[in-house]
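Chains here go by letter, A, B and C, matching the order in which they are written, and residues are numbered from 1 within each.
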Amino acid sequence: MIANAFAIGRQRRVLPGFGLSLGISLTFVSLILLLPLTSLVGQLSQLSWSQYWFLINDPRLLASYAVTLLGAGVAALFNAAFGLLMAWVLVRYDFPGKRLVDALMDLPFALPTAVAGVTLATLYSNNGWVGRLLEPLGISVAYTWVGIALAMAFTSIPFVVRTVQPVLEDLPAEVDEAAVTLGARDGHAFRRVILPHLWPALVTGTGLAFVRSLGEFGAVIFIAGGKPYETEITSLMIFVKLQEYDYAGASAVASIVLATSLILLLAINLWQGRFIKRLHGGRP
Amino acid sequence: MIRIGDAPAVRRVLIGTALVLTALFLLLPLVAIFAQALMSGLDVYWQNLSDQYTLAAIGLTLLVTLATVPINLVFGVFLAWLVTRFDFPGRRLLQTLIDIPFAVSPVVAGLVYLLLYGRNGWLGGWLDAHDIQIMFAWPGIVLATIFVTCPFVARELIPLMQAQGAREEEAAVTLGASGWTIFRRVTLPKIRHALFYGVILTNARAVGEFGAVSVVAGAIRGETNTLPLQVEQLYQDYNTVGAFTSASLLALLALLALLTLAAKAALEWRAARRENAS
Amino acid sequence: MNWLNTSRSLLAASAIGMTLVLGAVSPAQAQDERELLNSSYDIARELFAAINPKFIDWWQQQHDETVSVKQSHGGSSTQARSIMQGLRADVVTFNQVTDVNVLADAGLVAKDWQQQYPNHASPYYSTTAFLVRKGNPKHIENWDDLARDDVSLVFPNPKTSGNGRYTYLAAWAYADREFDGDKSKIEDYMKTFLGNVEVFDTGGRGATTTFVERGIGDVLITFESEVNNIRNEYGKDDYEVVVPPVSILAEFPVAVVDEYAERNGNEDLAKGYLDYLYTPEAQRLLADFNYRVNDESVAAEFSDRFPKTELLRVEDVFGSWPDAMETHFASGGELDQLQRR
């Protein structure tokens, strides 16, 4: 099997630059990503399995996993829809102020997360510009899980937009024409013809938004409320351990988030490989 | 040419929804930031901006961004080329490894660097003995920022390059073109949009990173305080106007690249109209 | 969009940026001048911005030497962690005794640091007080009012904030005295007290924002010294301060980080800096920033600003700081038990 993979690899390597790009990538990944993570492993190795289990299985922590997953899930779904819409509108249409709207998409990354958190809390608390309008409807945003989801959604807005945008821009005009000449209606044509090309980017972007939301701290704490068992997020629990100089405990909780995220991302990457193979008739 | 979604009604509804949501989620926060920054008037805004420590923080933030973006640009291009143009064992794993920075919460990212290069760290002891400061100096800030922002360029390029496939490059090889020529002439034109967005995201994130940097910077005023750290400090110290002044600057720094392009596009458009008119 | 043009203008912009950066980052003063680095907590920025120039003058007069002082501000356990990992601060001026203890345990600060300067090496102190809305509509006077059904509270999370930790300890100390050490009664009181908290922010500043700007809660519990900041920021008229008859003594400990001060050649300067904080001139400045001070003449000058109240030391009520941390705030400790469902 492996030998086979190698053989295919060798045969397919008609393009130059394999050695160089492999060398640069591996050096960078080892030095910048893996080397520092060894210190995380070092911290974890100070714990016995039972200590580790005890640490990650605390009831309050379990409640925080649920809150975090819920918030990140809602945020990712929102971003999938919003990101797709924005990418479509920005690529396909012209309208006044388009460039400004385009530029605004990156705003969440540039703001220090605390500023984002404070600003969102200002806008969406019950006496804020937007929260004031929502309160009579019985919707409380700040200091509830909705606020957590909102802050997570805000900080991860750029992921989907910016991942889908280049793919959409690159889509040849023939794709549209083929669909339209076939007489398909808009919604149908979009789903059958355009969406398949966007799937990889859309799923990647959504996955990244979800993963980023799992780890978000600064923006969320200002709007979360921090009530035990109700609005405490997992990052807050990591922060608490750090404040107590308990690096091993912090690493233990961080390792749960890290493992969840990496498994999800690996799954997306594997799925994508298969999907693309199907799309291109077996050629990645 | 007929395109999907070009019917006026569809168009209007989609643009309308997009604008309303953008206003609600992005424009309003931006307005709120400037409103708070300008709360005490333009004079105070200007005074906060020209504060010695704010200026130093702007300088450091620019330095860190300028050091980070090119490194991640080069790495991202090579990595994307590697995983989309070749098949080799461990390819998916490598592709997942570069996502690590997204999966690690920023504070933990800073911590792992601190535990490695800090005084009690594996490398830190040696560095300390030789009086080399990496943590609590600009090299540490640059390292942490590179870590946090390194996936962006690759992440933009990979889905696109995968979707495009390698046929054109392969054709170029059979025509006898060299590696660099293929990249410059065939690949680059096809990926320039994605590359551009990758750079913009890297830039935005590098400018705004707080969590990881706060752990490794040491927050020495005028020396290792980046703009986001400065914002935090002013805010903690009840200087809301000052904090939001610096925050507004960060927003501008992030929007700068795209706003420059917008201005240029407007100029070109005007020039084109003038030509048409004459 | 023309890629080549774009990259060219980006390059030009980078070049200009670089020039600006190098100009801004290069050290402003001559190299032979000694620099002291003071690592401090996050709400002391303006305080030390006021103190440092006066110290520089004072040192100049005493020693005929021009020096400069650099500041680093952050959460005090973040600051301690940085110092342990190599941030070469000469002195620390913290708001948490425990964070100096951590440095002493790591061998960076003398074990007997609390004996090296007067008042347990705390040149100024404060206490936990209540900020209530105008006219004190809920008639909050003492700690027992805070456990009433109709009162909701805001104070920072004791797990993440020293400010919140003091609040917790003060409430416990009050209950301990009120119920004469009857543990089940104390715990009942603490449960109700903690249950009345509407929002747990991670720090004092966040809690203030929640109380003032979001309008949540009837009482904000915070350092008395912070009330000044709050009034400067949000106006004097909308809030009232209530200092309860008994509360906890919040010390603001200082210490020389011996190892780094020695290495930086700043030992005398570091000691001088801490000595200066005890001079009447510095004490007056501190009192002006709403910190209580020990210098008698200065304290008399500002007596109308600080209501008389009985202040309990953590050491007297809870044995020692390490004991209090272990029993109450460690994982699975008293606080976790009280908040358990």
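Everything that follows uses one rule, which is that a residue touches a chain if its C-beta (ideal position, glycine included) is under 8 Å from a C-beta of that chain, and two chains touch if they have at least 3 such contacts.
Keep in mind that this is a model prediction, so the values were computed, not measured.
Set against the C-alpha centre of chain B, every other chain centre is closer than that of C. For the pairs A-C and B-C, the count of C-beta pairs in contact is higher at B-C. Centre-to-centre separation between chain A and chain B, using Cα means, comes to 15 Å. Chain centres here are Cα means. That of chain B falls 34 Å from that of chain C. Multi-chain contact residues of chain A (touching two or more other chains): 118, 122, 239, 242. Across the assembly, chain C contributes 81 as residues in contact with two or more other chains.
Shared interface positions of chain B, i.e. residues touching 2 or more other chains, are given as 115, 121, 193, 232, 235, 261, 265. Residue ranges of chain C in contact with chain A, taken from their complex: 75, 77, 80-81, 102, 157, 159-160, 197-202, 206, 209, 213-216, 329-331, 336, 339-341. Touching chain C in their complex are the following residues of chain B: 55-56, 58-60, 62-63, 66, 114-115, 118-121, 124, 128, 133, 135-136, 138, 188-189, 192-193, 196, 214-215, 218-223, 232-240, 257, 260-261, 265.
Residues 2, 5-6, 8-9, 12-18, 20-22, 24-26, 28-29, 32-40, 42-43, 82, 85-86, 88-89, 92-93, 95, 97, 99-116, 118-120, 122-123, 129-130, 153-154, 157-158, 162-163, 165-167, 169-170, 173, 176-177, 179-180, 186, 189-190, 193-194, 197, 200-201, 204, 208, 211-212, 214-218, 235, 238-239, 242, 247, 250-251, 254, 257-258, 261-262, 265-266, 269-270, 272-273, 276, 279-280, 283-284 of chain A are the ones touching chain B in the complex. Here chain C touches chain B in the complex through residues 1, 3, 6, 9-10, 14, 17-18, 20-21, 23-25, 28, 37, 42-46, 70-74, 78, 81-82, 84-88, 203, 205, 208, 229-230, 232-233, going by the rule given at the top. Chain A contributes residues 58-60, 118, 121-122, 125-128, 142-143, 221-222, 225-229, 236, 239-240, 242-246, 249 to its touches with chain C in the complex.
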